Structures are given as C-alpha cells and as structure tokens.
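The two complexes that follow have chain A in common; it is paired with chain B in the first and with chain C in the second.
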Partner chain A sequence: MSGGSVLLVSVPAVHLSGLDLPGSLYPWRCLRDAVLPPDLRLALLLVMQSAEAQQTEIRFVARPEIFTHGAARDWLDAQSGGAQDHLALTDGNTLRLIPGLRNHMFFFPRGMTSREGALNRLVRLVPEAFAGLASQVNGTLTFRLGSRWIRPPMLPLGFAVTPVGEPAQYTPFVWLPGNHGYAGVLSAKEAMEGVPLPKPPHYVPLTLGALSDHPFVVELARQVREVVLDPAKGPLLIGLPALDRDDAATKDQVEAVLEAFSRSGIALPRLSSWAVRFVAGMPDPAALAGARLTLHAHVPFWHFGRDIFDAVGEVTLTGSGSLSGPASLFSTWLGRAVPVRRIRPQLGLLPVTTGQVP
Partner chain B sequence: MTLAHLDAVTQAGIIEGWACDPQRPRETLALAVLLDDGTAVAAGRAELFREDLMDAQLRYGWCAFRLRAALGPEALAAQRLRLVEATTGAVLHVQPQLPIRHVEHHDCETVEAVVAEDPTMLRSIDQLAGCGDLFAAFIAQEGLPAFIRAAYGYVLGRPADPVGFASYEKLMRRGALTPFGLLAILADSGEFRSRPRLLPSPVQPAFVFATAAAPPAAPELTLDDGADAA
Partner chain C sequence: MKPALTIDITPLLESQWTGIPVFTRRLVQALDPHLRLHFCQGPNGVPEEAVRQAIRIGTGTYLRDAIHTEVESVQQEARRPAIDPAIPLLYPSVKPSPGAVAREASTIHDISTLVMPDTHVPENVAFHLDPLRDQMASDEVVFCCSEATQEALCAYVPWVRPKTRVMYQYVDWPEGFEAMDRNQPAIRLGRYAVVIGTVEPRKNLRLLLRALEEPSVAAADLHFVVIGARGWMADQALAQLSPQAQARISFTGFISEFAKYRLLRHAEFLVYPSVYEGFGIPAVEAMSLGKPVLASLSSSFPEVIGPAGLFFDPFSIDGFLAALEEMANPALQAELAAHAVPQASRFNAAVMAAPVLEWLGVPG
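Up next, the complex of A and B:
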C-alpha cells in the first residue's frame, strides 16, 4: 500500500447489518462507535492509525463483491478517488476482493480457533483468491496451490502506543478440581481494577488457539503450580482469552482457562491465590515495565503497541508447532530478533490426578 | 499554544471563528475582537460546536464562536482585526481583511426555534462524537460502572436497569463498544425517541461527564545563567 493515496477498506458484511450507512462508500465515523467485535475494532484502529501516518485517505466500501464489472464498477472507479489498493478485513468466513485492484488481506481474529479453522477451509475451497493477494497484514498464511507454495508478502503494521480501552480487571487464581464453572464465578467475584503488582510480572496473554496447544498449556500449568505453591516466584499474570461468543463474561473466560489446565494433567493445589492472577483486558503498560512477556504463536502480537515491547524486560515467542513463520513475522514487525522457545510435546502417558476421577 | 482563527463576519454582523488551547482542552477561552486602535468590537467565549473542528480534533469540536459585533460588516471588513484572549490580552490571530459571509438569517419566531438555537444544548448526540478523551478521563476517574449509570441518567433520565447495565458493561469491558457508542445507542432507543429531552452540551455545568481538570503542574526549577556561573 503506497502512501499519499486512497485506500479502499472493507469489513465483513455481517458487521454492517445494524449500521445506518449513507451509501456503498462510507466514512470511518460510521464504524468508529458501532458495536463491533473487539479484535475487529483493534484492526480498524490499526489501519486508521497506519493510514494517517502514511497520509493515506481511507474510504470504506460496503459489499465490495458488487463492484466487479459493468455500471457498478464504473461507479466505484469514479467515486474511489483513484484508489489502486483494497484492504479486505476478513474474519475467515469470507474474503471479498475487488478485481483490478491490488487486494490486501487482514485476518484479524488470530487465535480464535473457529475463525482460523474457517480461514483454512476457505483457503482449501478457493486457494486462487488467496494466491492473488498483494500482501497480508500481520499474517503468515502459507499454502500449496498445485505444485507451488503460495505465501502472500507480509505487511507488518503496529501500534506505536497500545490502545488502552476500559481499565483492566484483575481476578485471583481459584482452583476447585472438577468445578471450574464455580471457580470462575468465585474468581470473577473478586475482580478489581488497578491492583498493584509487587514486582514486574511474568505476563502470558492467552487466546483460544493458545489454549488448544496442549504442550504449551502443560508448561503453563506447571508454572502456575510453582507460583501458587511459592508466591515469591510470582506474580504470574495470565491474560484471559477472548471467547467466540458475544455474551461471554469474565467468569466464562476464567472457566475456559481452568478447563484447559484441567486437561493438562498437572495437579494443582485446591486454593485461591493472587500470586497468579487473571487479567481481563489490556493491562496498563506501566504495570508491565520490566516484565517478562511470553507470547504464544497464536496470540495476535499486534494488539500490543511498541511501547509495551519497549517497556518489558524480555519477550519470548513460544508454542509447540512450527514457529518459523510467526518468528519471522514477529521479528520483522518488531525490528529485532525475538527469542523463540519451542515446547516439545511430552511423550508417554499423561498422569491421572484425583481431580479427573469422576 | 493557543490555536485560533477569525473566519468571517456575516451580513447580520456576527463574527465567526474558533479558538482553543490543545494543552487545556477542558477550558473554554474568553475572547475579544479588537480594532487596530484597541477598541473592542466584540467579546464572548469559544464554546460552540462545529463539525469540522471535531474532525480536526480541536477541543472535542466545541471551540467555535459567533460574536455579535458593535460595527456593521462592511465597517469590519475594511479594518484590520485582532483576536485576543480576554484574560491575558495575548493576540491569537490578526485578520487584515475579514471576509463577509453571506448566509440566510432567520429570526427565531417560536419558543421551539429559540430552544433549537440554544448552543448550550445538543442538537444531536453526534455532537459528542469527538468527546472520546473526555469520556475516557471520566472512566479513568470514576470507573466504568459510574459511566454507564451517568449515561443512563444523561440520556434517558433514569437509573440504569440491571439487565441493560450488565449487558453494556460486558460489551464495554470486552472493547466491543465505545463510550460514545453507548450514548448513541441510548439516544437511538425507542425510549428516548418517544420522550426526547434536551441534552446539555459539554459547555454546560450540567454536563455529567465533565471531570475536574488536573491541577496545574508546578513550574520546573531552572537555573539561570548566573546560577550556572556560580
């Protein structure tokens, strides 16, 4: 995407149904204060900030698939201010492109397993649509088309300053074997804002994708056990994952993490502890000064601004799958090499704990 | 640094422009328009809404002024005018020749028309779209629950019902809804439309989202040349 020009941007039509749009081309203010999924809102903020920095004018286009040819396309060409590029923000379910323009893709719900699955299905169904992409924003999509490997060029975009929304809520770790729903309720009941941390924490933000990585969860559950039993090793800050449903509350997010821990086979002590704490929302960047940040490959690193990466003492990229693509993207994005720690799956039988006995 | 501009004078003798101090966005500026000889021809405050100022992110869009002048438009256009801050006397803008803007002017003939012209009341909730920083400051100071309760009181004139409160709090905590988005939803509700009420603008003391401005920072101690030499 070149600077100083016009960029057409489209979002999945499912998010436009409740909006009162003035026409097929509409301004940013129509989206800015609408109810949108948080990851889409962040992606739009990122695009708007990057465009402003490059002095690129953004025009949002609704239903870009209409403007393929004929009178509709002539109209778009006349109204688009000479735009040569189109950025399609996709949730994995659809990818709407505009023929004749340079199409770029931004898959924003990274880490959401259902959306990543949808994107993979879409790539299998219409690989040719992805093969023609001019770039992918903050993505590492690679696939095989016939005898060729296709990897649309990466376009790293990042926030200079982390967009902080509502104040983050901190809740304690509560472990009730076999009753994670109630543990989630108990934990959420004690939610507090702005809880001071005794020292720089070890911060591990999670997504559903990270929680589905079994070796990673086993490793994290071990760390939780260590810190709960010896609070001096803490604090361990676990970023609660966004869930794929609109009515999810903090207790549901806590429950999802505890469920994943219970599947890890690691025996955790039955107690409550603030040495391990969950955080819903983006923690205050000042609270992460000097912290250790462990990012799973399925965590969208671009949610964090460079201010956080500059403030933390150590950043590690981890996961049990292939990390070459994410590491390459993350290092390019960050402008420096990032230590990578690949977790090897543990072979053999999983231990059975009393918590798993029915 | 204060930013200001004398835009034009209308046929009815109203001087238009805008002024704000980006370092002190919560304060409205008291202004005066002076002739070259120092005679004041108009005075007032920069506290009206203009959409282009909101787009330019100048004091939430609420820093325009319309000042009735003591001279006619032709007499004003023939002179060099200075826009000054009334409290300090600092010159904010000098306009060698103020253009005359031709606008249709209607006198208010009904109470409704007078109320609609009242610049201290909102004409549309969209006039608050640029107040994101103001709402963020309120939430940082008072907390999200207080903001939702205040939003209900401000728009609907009643306390928040538990169901609505819980659902909006959930949406806002997830980052799915912005503070202004909540106000827009409430103002778009059937309840508000069936009983529309006048909403105070940010320049009104009744504007519930105004927070106390931070006290001015203590001046930094600097060493003058003499001290350096010492």
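Up next, the complex of A and C:
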C-alpha cells in the first residue's frame, strides 16, 4: 500500500448490520463508536494508526462486492478519491475483492480455529482469489496451487504502544480433575486486577489454535505441574484464549485451558496456586518487564505493541508445526531475529479421536 | 430432427415456484421450440409428460407425486430410466454431482453465498459452495444470469471466464391476466409504490423503514406495499416506528402471481432496495407493466433496469430520500416509464434460449 493516497478498507459486513451508515462509503467514526469484537477493533486501530503514519486517507466501503462492474463500479471509482488499493479485513468467511484495485487481506482472528478453518476452506474453494492478493497483513498464508507455491507478500504492521483496553484480570490456577467447569468458576471468583508478581514471569498467551497443538499443550502442562509443585520456579502467567462465542466469560476461558490440559495426559496436582495464574486481557507492560515471553505460532503477535517486546527479557516463537513462515514474518515484523523452538511430538499420551458412531 | 438436451428439473420439485423454480420453468419453455427435451432429477430420468403437466399446473407437488409413484419400491427405483450419457445435460442451478454425462453445463445465479455468506444460513452456503469448483471444472459452459454475476464470478475464478455465457431470463405473465384485471374492481390504495424485499439484511428493507420517519416522506401521501412475508424481524423493526409511519406501509405476505400482477400494474413505481441481486426479475416484471424502478446502484440493477430506473446508494438514507423525491415528479416518472416496456422486452424467451442453442451449435 502506497503512502499519501486513499485506501479503501472493508470489514466483515456482519458487523455493520446494526449501524446507520451514511452511505456505501463511510468514515472511521461509524466503526470507532460501534460495538465490535476485540480482535477486529484491534485490527482496525492498527490499520488506522499505520495509515496515519503514512498519511494515507482511509475510506471504509460497506459492501465492496456490489461494485464489480458497470455503472455501480463507475460510481465507486468516482467516490473513492482515486484509491488504487483495497484492504479487506476478513474473519475467514469471505474475501471481498474489488476487481482492478490492488487487494490486500488482513485475516485478524489468527488463532481462532473455527475462523482459520473457514479461511482454509475458502482458500480451497477460490485459491485464485488469494493468489492475486497484493499483500497479506501480519499473515503467513501459504498454499499450493497446481505446481506453484503461493504466498501473498507479507505486510508487517505493528503498534508502537500496546493499545490500552480493559484492565487485565488475574485468576489463580485451580485443578479439580474431571470438573473443569467448576474449577473455572472457582478460579474466576478469585479474579483480581493488578496482582503483584514476585519476579518477572514466564508469560504464555494462548489461543484456541495454540490449545489445539497437542505437543505444545503437553509441554505447557508439564511446566504448570513443575511450577505448582515448586512455586519458586514461577510465576507462570497464562494468557486466556479468546473463545469463538459472544457470551464467553473468564470462567469459560479457564475451563477451555483446563480441558486442554486434561487431554495432555500430564497428571496435575489437585491444587490451587497463584504461582500459575491466568490472565484475561492484555497485561500491563510494566508487569512484563524482564519477563520471558513464549509465543505460539497461532498467537496474533501483533496484538502486542513494541513497548511489550522491548520490556520483556526474552521472546521465543514455538509450536509443533512448521515455523518457517511465522518465524520469517515475526522476525521481519520485529526487526530482529527471533529464537524459534520447535516442539517435537510424541510427548505425553497420544490424542484419541473417535468417530461419531462407535 | 431437433437436437436433444437433458434438463435437470430438481428445482421444479419445490411446492411453490418462485426464484429458481420459475427460472427453470421459463428455461424449459424457452428451449422447447428448438430442442428435443429430456428431463432428469440427478442421474434419473423423469417422465416428460409429468414435467409438462407440472408446468401447466404451476407447482412441484404434482411432479413429486408423479416421481414417487414411479419409485414406490426398490425394484421400481432400480428400473427408473437413467439419463442418456450421449445427450448434453443442463443444470438450471447447482450441479451436485459432476460427470453424469460427457457434455455438461450449469447455471450460476449469483455469488452471494461466496461474497456475502453473512446473509445466508450455513447450510445454504455449503449447498452452493461445496460443489462449485468441481461443478465449473466439469462444465463445458457456465451460464451466468447477468453480466454482473459473470464479472463477479470471474473476479474470484478467473479461469472460468472463457466458459461463461450470460443467460438472461424473462417475464411471461399469463395471457389472461390483463383481461382478468380489467374485470376486477379498482384497487383502493390511493397512491402507492410496490416494494420488493424483506427485513433480511440483503433485501435492505430497513432503508425504507428508516425513510418512513423522515419529514419529507411523512408529508407525502405515498403508501408502500411490500410484496413479501412480514415475519418477526419486520415486526421488531416496525415496532420502532411511529404509528403514522407504520400506517404508511403494509405487507402482502405470500401472494398469487395475479395479485402481484395487479399490485404492480396499478402502482406508481417499484422500489427495489436490495443490496445485491444476481439478476432482479421483479424489476423486469414491473417494467413489463410500464412501471419505472427506483433501485439500488448495485450489482445487476443498472444492467437490467437501464434507462427505466433511478438509482440510489443502498446504504445512504439521504440518497434514497433524494431519489424518492425525484421519482415523485410526474414528468420524470413518465420519462422513465416510457423506457420501461422496451427495456423489459430486451429480456425474452429467444434471448434466454440463445446462449444454450449456441452451446449446442443450433442456429437460433
């Protein structure tokens, strides 16, 4: 995307249904004041900040798909201030293109397994649409089309300062074997803001995508056990994953993590501990000073500003899948090489998958 | 001897024919004079007489019964005639299982399930999209219901462009409607416009509901008759309107073709606020009765409505109000109306048949 011009931006239309837009092209304030999912709001903030830094004017377009050709397209061209680029923020359900413009994609729910599944399905359905993208923002989408490997050029965008959201809430680790729902309730009951940490923590933010990486979960559960049994090895700070439903509460997020631990095969002690603690929301960068940050490849690293990466003492990218794409993107994004640790499978119990009919 | 073509009549099994079933019926009638038609449902042949009788009656209920009577036992099912693999096969909609015959073609009505899945239930999205790639790959020709659909499809699947042909459908009111209408008492609705749409997001009726509260619309004496079901979403939206605004709009629910004909014939104009359509047959229906159309500047509307329409940004209440005010001018209405019938007559049976005949190498 070139600086100093006009950029058309579209967001998933499902988030526009309740808004009284002034027209097909609408200003930022319509979204700024709207109720939006946190990951979409962060993505929009990132785009707005980046555009401002490049002195690019943003015009939002409600339904780019209705302006494909003819008089409707002529109208859009006349209204769009000579825009040559269109950035489609996608949740994986669709990719809206404007033919003739340079189309860019920002898949913002990275780590949300259902959204990633939807995007992959879309790639299988219309791979040519993705092959024609001018860039992908903070993404590592790669696929094979016939004999060609396709990877739309990566466009790294990042926050200088992590956006301030709701204060982070900390809850203790609680383990009740076989009753993770109630453990989640007990943990969430203890929720506190700004709990002081005795020393820089090991911070592991999670997503549902990270939790579906079995070898990674096995290793994390092993670390949890070590810290719970020997708090001096802590604190271990586990970032709770966003869930793919609007009514999810902290207890549900804790339950999702505990469920994943229970599938790891690692025996955890029936204890409650603040040495391992969960955090809902973004921790204060001051609390992460000198911390060790372990980022799974399925975690949207761009949620963290450079202030956090400057504050932590050590950053590692991890996961059991291929890490070359994420490592390349993350290193480019951060401006320095990031240590990568690939977790080998075959730790803990093997996962069991059953069909629907026994 | 006329060349042969098999048409998959699965859409005709619907009880009430609107949308794709009506398109299928028109396709059969458009091709009938030129081709020796065979009919099938998936891999099985369907008796020709049953299809023709269903078309005469205008419902799929008869056709379903006729097919089920034929296959009441496993033995009968096994004896069902299979389609002839040497005869080209045309699907008027989705092709669920490609490769039934050597030469196949299918029809894309719009790509809304691809570009606006938020306006469909997931089952509908899967029904249209899951077979799409195989469907087009195995087609000799992919018929698109408008240039807009053709362009939109090719933006996502560029390799399909050489296979695509535009297939416009047409309006065919029954001959007796005009006389029947003359023999009915006058419609006592005062000044009114017919509106096509529901409260579902793609149909964009919400724009009209917002407009009803505007002083310029409130001051006019125009009533809006919405052809379509009211539904609970409409009830919710209407509940937020003032009683005066509520009194200006009425919903017909599901109505007969004749009732629709009458409402359109005596309306001042048609309002079509839909955000996206693959073709927009209601606009052609209105134009065929000499009515201008106030439509969204979107997708296929400019192409289909042409000089008989006035267009507005479907997301702009100000744009809609301005267009509504313009349309209230009798001189402009008359000017647009003069283009309506000629524009509608661009879409006729011969035009619909032409791309199919071209595919089969038959002189039109």
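Just so it is clear, the second predicted complex is superposed on the first by the 346 of 358 C-alpha atoms of A that agree within 3 Å, B and C clash if a C-alpha of one lies under 4 Å from a C-alpha of the other, contacts with A are read in each partner's own complex, and residues count from 1 in each chain.
Please note the rule applied: a contact is a pair of C-beta atoms (placed from the backbone, for glycine too) under 8 Å apart; a residue touches a chain by one contact, two chains touch by 3 or more.
Bear in mind that the values here come from a model prediction, so they are computed numbers and not experimental data.
With both structures placed on the common chain, the touch criterion links A:V14 to chain C but leaves chain B unconnected. Contacts of A:R63 after superposition on the shared chain: chain C is touched, whereas chain B is not. In the superposition on chain A, A:P37 contacts chain B only, with no contact to chain C. The wider contact with chain A, measured as residues touched, comes from C rather than the other of chain B and chain C.
The contact sets of chain A with chain B and with chain C never meet. The touching residues of chain B, when paired with chain A in their complex, are 129, 139-140, 143-144, 170-178, 180-181, 184-185.
Contacts from chain A toward chain C in the complex involve residues 12-14, 17, 20-24, 26, 62-63, 65-72, 75, 93-94, 96-97, 99, 124-126, 128-129, 132.
The part of chain A that touches chain B in the complex is made up of residues 29, 32-38, 41-42, 165-167, 169, 193, 242, 246-250, 280-281.
The part of chain C that touches chain A in the complex is made up of residues 114-118, 129, 132-133, 147-148, 151-152, 155-159, 201, 210, 275-276, 296-299, 301-303, 311, 313-319.
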